[in-house]
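Before anything else, here's the structure in question.
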Amino acid sequence: MTDDLQGLTLAGVTDIVDRALAEDAPWGDATSEAAIPATATATARIVSRVDGTFAGGIPLELAFTRVDPTLVVERHLADGDPMTPGTVVATITGSARAILRGERVALNLSQRLSGIATLTRQHVDAVAGTGVRLVDTRKTTPGLRMLEKAAVRAGGGHNHRYSLSDAVMLKDNHLAVLRAQGLDLTEAIRTVRARIPHTMHLEVEVDGLDQLPAVIAAEPDTIMLDNFTLDDLRAGVALIAGRAVVEASGGVRLDTVRAIAETGVDVISVGALTHSAPALDLGLDIVIDGAL
Amino acid sequence: MTDDLQGLTLAGVTDIVDRALAEDAPWGDATSEAAIPATATATARIVSRVDGTFAGGIPLELAFTRVDPTLVVERHLADGDPMTPGTVVATITGSARAILRGERVALNLSQRLSGIATLTRQHVDAVAGTGVRLVDTRKTTPGLRMLEKAAVRAGGGHNHRYSLSDAVMLKDNHLAVLRAQGLDLTEAIRTVRARIPHTMHLEVEVDGLDQLPAVIAAEPDTIMLDNFTLDDLRAGVALIAGRAVVEASGGVRLDTVRAIAETGVDVISVGALTHSAPALDLGLDIVIDGAL
Amino acid sequence: MTDDLQGLTLAGVTDIVDRALAEDAPWGDATSEAAIPATATATARIVSRVDGTFAGGIPLELAFTRVDPTLVVERHLADGDPMTPGTVVATITGSARAILRGERVALNLSQRLSGIATLTRQHVDAVAGTGVRLVDTRKTTPGLRMLEKAAVRAGGGHNHRYSLSDAVMLKDNHLAVLRAQGLDLTEAIRTVRARIPHTMHLEVEVDGLDQLPAVIAAEPDTIMLDNFTLDDLRAGVALIAGRAVVEASGGVRLDTVRAIAETGVDVISVGALTHSAPALDLGLDIVIDGAL
Amino acid sequence: MTDDLQGLTLAGVTDIVDRALAEDAPWGDATSEAAIPATATATARIVSRVDGTFAGGIPLELAFTRVDPTLVVERHLADGDPMTPGTVVATITGSARAILRGERVALNLSQRLSGIATLTRQHVDAVAGTGVRLVDTRKTTPGLRMLEKAAVRAGGGHNHRYSLSDAVMLKDNHLAVLRAQGLDLTEAIRTVRARIPHTMHLEVEVDGLDQLPAVIAAEPDTIMLDNFTLDDLRAGVALIAGRAVVEASGGVRLDTVRAIAETGVDVISVGALTHSAPALDLGLDIVIDGAL
Amino acid sequence: MTDDLQGLTLAGVTDIVDRALAEDAPWGDATSEAAIPATATATARIVSRVDGTFAGGIPLELAFTRVDPTLVVERHLADGDPMTPGTVVATITGSARAILRGERVALNLSQRLSGIATLTRQHVDAVAGTGVRLVDTRKTTPGLRMLEKAAVRAGGGHNHRYSLSDAVMLKDNHLAVLRAQGLDLTEAIRTVRARIPHTMHLEVEVDGLDQLPAVIAAEPDTIMLDNFTLDDLRAGVALIAGRAVVEASGGVRLDTVRAIAETGVDVISVGALTHSAPALDLGLDIVIDGAL
Amino acid sequence: MTDDLQGLTLAGVTDIVDRALAEDAPWGDATSEAAIPATATATARIVSRVDGTFAGGIPLELAFTRVDPTLVVERHLADGDPMTPGTVVATITGSARAILRGERVALNLSQRLSGIATLTRQHVDAVAGTGVRLVDTRKTTPGLRMLEKAAVRAGGGHNHRYSLSDAVMLKDNHLAVLRAQGLDLTEAIRTVRARIPHTMHLEVEVDGLDQLPAVIAAEPDTIMLDNFTLDDLRAGVALIAGRAVVEASGGVRLDTVRAIAETGVDVISVGALTHSAPALDLGLDIVIDGAL
């Protein structure tokens, strides 16, 4: 196991890659089969065209070896490593047809994941020294959450909850329903705590400072201050006073993230890390064996 | 069947949605199950927060009905319809728990697909009146190609080939291998034509004007002029003179696409439509039935 | 959605049932097809032969409706309801062949799950009034965890973490590795806390009272006292003094669980609830329509 | 192929193990990834804590090698071998993280299967010398039938039919339907024989001695005497007189099985072998490489 | 359930049809989507062009309803019914696009299965009055065994064993291995009987008359006389004298099957029924609603 | 990659083989497990019994190696190679049980595919020298299209479109719908061209000479002349005069194909190549290691 497998399962990534390969060549590569002899071999390099942070090493490897287990992929970068234009990410050798069949899937995955890692790294660098955690959200590409959350970590970020199943996040709607049953806000949160496993983290989303005292009284593990002004964030941090993790959320941008971090919050969650990161420009340069 | 099913299969989209739902709630929604009675019902609206073009209607519906077949989804927009802030895309009624479980998957898919449709529509509008086709590439999100190509069509674009299996695209590498076997460029292309099904489209990528005469002589169906200057594009169009579809490719941006279109090419392919479209901001507003 | 769907996904349970049906009748029911006309109808009742607590309502229903969607299953008990000999759990009407094909899968699942609920209920009743939580472990039947954890809840128990992915449980081996790197016990635990998501619960397993001060200093969310004597449990509870949830574990039996509960621990985890519960005796009584 | 693969398919067992691994670590092992370096190696031993009969060798191996194909599993026992406290079943070496990820699935499967083999062995030993076959039923854990039937064989038992598809078992309900069509009991059985493949075994369940003459006249392959007293079993054996295999069924317990066997029946079927065998206590002892 | 579901599972047939539909239209029907409005409706008829026996009713229906659950399929023939040129098998109404998408899969399956039923019926008719059973073999199309065995039954034939798992067929190779261990032929067969479940049918393949006495002495359930002359078949039947089912096999043709049947054998197995039946000519006539 | 993988994906063929193996031995090979020691080894040869053209090399290999990865398959023929009685196709060595388990699947697939290759070769030879392409249709066995189209190529034929998704084939029904909207035939075809991707081939089916001028005017890529007489084919070829590929279709037989080819058409499509090719007789001769 390498560190690049953190938070992944080999079976899970393999399944993603297999589906992508089937999607991209359901019944073969008509072009290569017509133009390139089955016995031709080649050497290919995955090269960065730009500056950034690499991610997606495991799926990149699998995109080639799942086409043809005899392809040899030598990786020169680990997830999280920096790239400049010309950095060689990996070298692949073996069947020319197999390399060409894996190319697009390898690039589509590693470009997207490196895009996420790069955007995350920019945010993390922006809050350097503040001690704040930059975290993702559930706004990931359907089917790729496992990989995208790993890419956030590769960029120096941390993960928020993985899914609806593994942590509780109480929002307005949930609390309104509980209060309609005659519970006050503190009781409502405590009622939820009593119903969930003792191993489950309880986070409460708060829209205004006025709700904070009652929420703090219920002793949640994390309090999310949603769309607060900088002043209100500071006031919230002061009120909570270390009795819960404080998370800021809502409309965070690269040019505002440091100011938010400096309010004293513990965690800042940023949906854009996964839902709007542009693909990072990686290319594949191939030399097909001349002596055919 | 509705027009929104064009280029899709119900089974294929259902599979994508089912995997996304399993990813987002592998063993239930801990929060809603602790806070909201099983019998509570709600009304939810998917609402646009911005201007744009809607796409993703079928997966949006399935994200709810695959959680709970008794949910009722009334859709107010078809794929391709314009949205402004406040436009209601769809109304969902039924079990509150089920709506909350489907919410994130519905939004993750429709935001991404509407983002693609919106970016496509901007490009299409930019070339309005030129008669040029704006087309996508194979640079799609692994696992979502079927949906993303439909989103391009929803934005007024057209599709390029779907995969490596259904059309031939000869690039430098392929042609180099054939020439290493003693064939000249024209012969190389004709050799490929002789090997592929008669129902398969043959496109050749060209990097410079000097290659054009030999390529034209081989009578490909489409000639792609890759990373040509505007002048070279005009020269290429003149040389080809209607004997093949002319496709421009490489580094197309929203601010350059019209100039490219005005060179007289038939088709412009743009990878960014699918690999770098930011998510479009859609939200879900919910009212849970107060009388619990 | 009914409360019986808590912690389940309809897709997940359907998948379990479909596999069980395929396993039990890969190419039809040779006996019924040879003996019973395709048009014959029947009424069947699932009846308890013993005292106990029912669980498995959703899979029981699906075992019939996945064979034949026209079967009508009327359920008379919800998960968690008590049964005595003769209690009718459900009534199924429709195709006689289809009922007989679903019978064994329905019983195999509901007998096993009711066995778990019943054993859990016995433990829960044994600690009544102490305020202790009875919880399960990861010692579940491979492939059935989702259902078995729901059965524990049906019996009045609570769940521990679902999997290796959703909460941290530090054991001797983990801590030994960290200490081999020069960290003391408190630092080791804090190092782990710094690496995991802020939404992830951190539990530490302790084998002796001497380790407790250093563990408490690291502020884990839960401390598990593993195989402690009753005296040591009491001492541990006093030392921890509410600064973490206290979980007792190891060799818990129905005749010892109350004494353990009375030591003041918060949670008692019992592997036997899922790994060794005997099946509860449910039967299916059928009347095939006489007028064929 | 080893004898442990009898009645199994490698693909089938691999599928069971893969699902169990995905269930137990859907997105990684948060604890080990936070505490143990990716490069750490370990040696682990699966050790019996009690007396019993081992089963589950193939799935135990796969639980480790499917996590990480570079793990080396050396097995010291074959299915069916006896164990005493301290017997080492297998030794696993390789990545510490990978071993810890496979541990729970390996134990959950082998404990359950060894429990079945052990209970079967006790029943088989109890009838030693009588020449009776101890057989299982279809009361197996949904999804694990293939493995549980192999565990029964490992314990010295034999298998009954695998599913509804591969042998015919006529019960009261089936025969009642046929008689409602005007056939007498002998004709009813013969009618079924005429409809089924000539390669299919025909067993008839009988509830009382009075039905036996008509059943014997129809020449079934096996006659099951269901819930007969010992005297009636003896009388049944005498009546059948070798013209069919005689199977005793219903309420068989370890303390009654020998008396039943001594009535002269050929086969005794015991549902408890698979539906109520407690898990056998196996543990995993691990030494993680100190020099990290 | 209808009789057409004998020996099938709805889930199994649905899976076959879903795969066929995905194979035939992985990302939509380009032609119909370009030419026919989404709202157009049609009426289609599946019509026989020739004489024959129909089979494949269930998969034919599913080929349409799995594309679009709102299509209405009215079936006019049951499996096994005779057809003449012009016989209407089924009428389908609904979305024109959906009907055209299902057409090829519906025809490919029902033509193949009707071809098998028709060829079987010809063989069955050829042995009419002899009391012989015409049976199939394991020489079926990979992936379609369930359907092809049902088609044999629709043609009036019976099935042989379904797979390697559900009945024993001892051939020369198996017996040679046992004899190499010092067992004579009779002992070898008895040894196998002792090892297999009591519910499993035991068939022995014999290549010459000289082996028969030893085989008969071992009391197998069926004896297969492989590639015997007519005289030898008669002699074999006389020797066996009712002590086992007698099956003739090898090189059976439509013009020789009656002579073989008249030798007195009980069963004749014919591989060609499934491995070489030509497709039967069925067509789909469609009227698309004119008022678009 | 070998040339035998053209038009295939390793994952796709593996999936077909795995399903076939599961179908043929869902829970083991009862016969071999009872008769042959687990340690016995053998050498087996796949041998042709007749003249023909081999196809199915990749699935034949996988049928053995997917049962047991330690089996060694040495292949002596490539797809497309000729066979005479006695030609050895492949030699397999390793576990005797594993070879016997793979045998039937290996033969069922390679016999069917060699049957298709052989029938195709006969048609191709019949038109030798005419320059005509012999092509297949979508009338393939559901689930096996990928393999059957490869077998057609192995026999010297070419492929038509793969599915409804990758090329357009306008038939009467489609054109009728378009004309009902007020378009003339030429406009109708051009309308379709404007809606489909520029990389998609457009073929139009024509039932009579009178339609040809309007069709030619629309410039389709291929014109199919369906069920034309030889005279009409000649007239059609003359009319089209090289402006489109000319395909003849309908009722082509081995004794008529040459005359059709000599009319000057470019392509002849023959459904019987895949829907009605009889299986080619291949056998497996095995020698199980005597020294057990």
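Each chain carries a letter (A, B, C, D, E and F) given by its place in the written order, and its residues are counted from 1.
Heads up, the rule we're going with is that a contact is a pair of C-beta atoms (placed from the backbone, for glycine too) under 8 Å apart; a residue touches a chain by one contact, two chains touch by 3 or more.
Note that the structure is a prediction, hence the values are computed from the model and not measured.
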Can you list every chain that touches subunit C and also touches subunit E? B, D
For the copies subunit B and subunit E, the interface residues, called same if over half of the numbers are used by both and different if under half, are different
By residue number, over half of the contact pairs should agree; on that basis which option among A-C, C-E or B-F is the same interface as B-C? C-E
Relative to subunit B, the most remote chain by C-alpha centroid is chain D
Separation of the C-alpha centres, subunit B versus subunit D, in whole Å, is 51
List the centre-to-centre spacing of subunit C and subunit D in whole Å, with centres computed as mean CA coordinates. 22
Distance from the CA centroid of subunit D to that of subunit E, rounded to the nearest Å? 32
Contacts with two or more other chains occur in subunit C at residues 25-28, 30, 33, 146, 162, 165-167, 200
Pairwise touch network: line, ring, star, complete, or other: other
Pairwise touch list, complete, is A-B, A-C, A-D, A-F, B-C, B-E, B-F, C-D, C-E, D-E, D-F, E-F
Within the complex, subunit B is touched by subunit F residues 133, 135, 158-162, 165-167, 197-201, 203, 221-222, 245, 247, 266-267
Would you pull the subunit F residues touching subunit D in the complex into a rising list? 18, 21-22, 25-28, 30, 33, 38, 66-68, 95, 97-98
Flag every residue of subunit E that touches subunit C in the complex, lowest number first. 1-3, 5-12, 146, 149, 162
Interface with subunit F, subunit E side, in the complex: residues 16-17, 19-20, 23-37, 40, 96, 100-101, 104-105, 107-109, 111-112, 115, 138-146, 163-171, 173-178, 180-181, 188, 191-192, 195-196, 200, 272, 275-276, 278-279, 286, 288, 290, 292
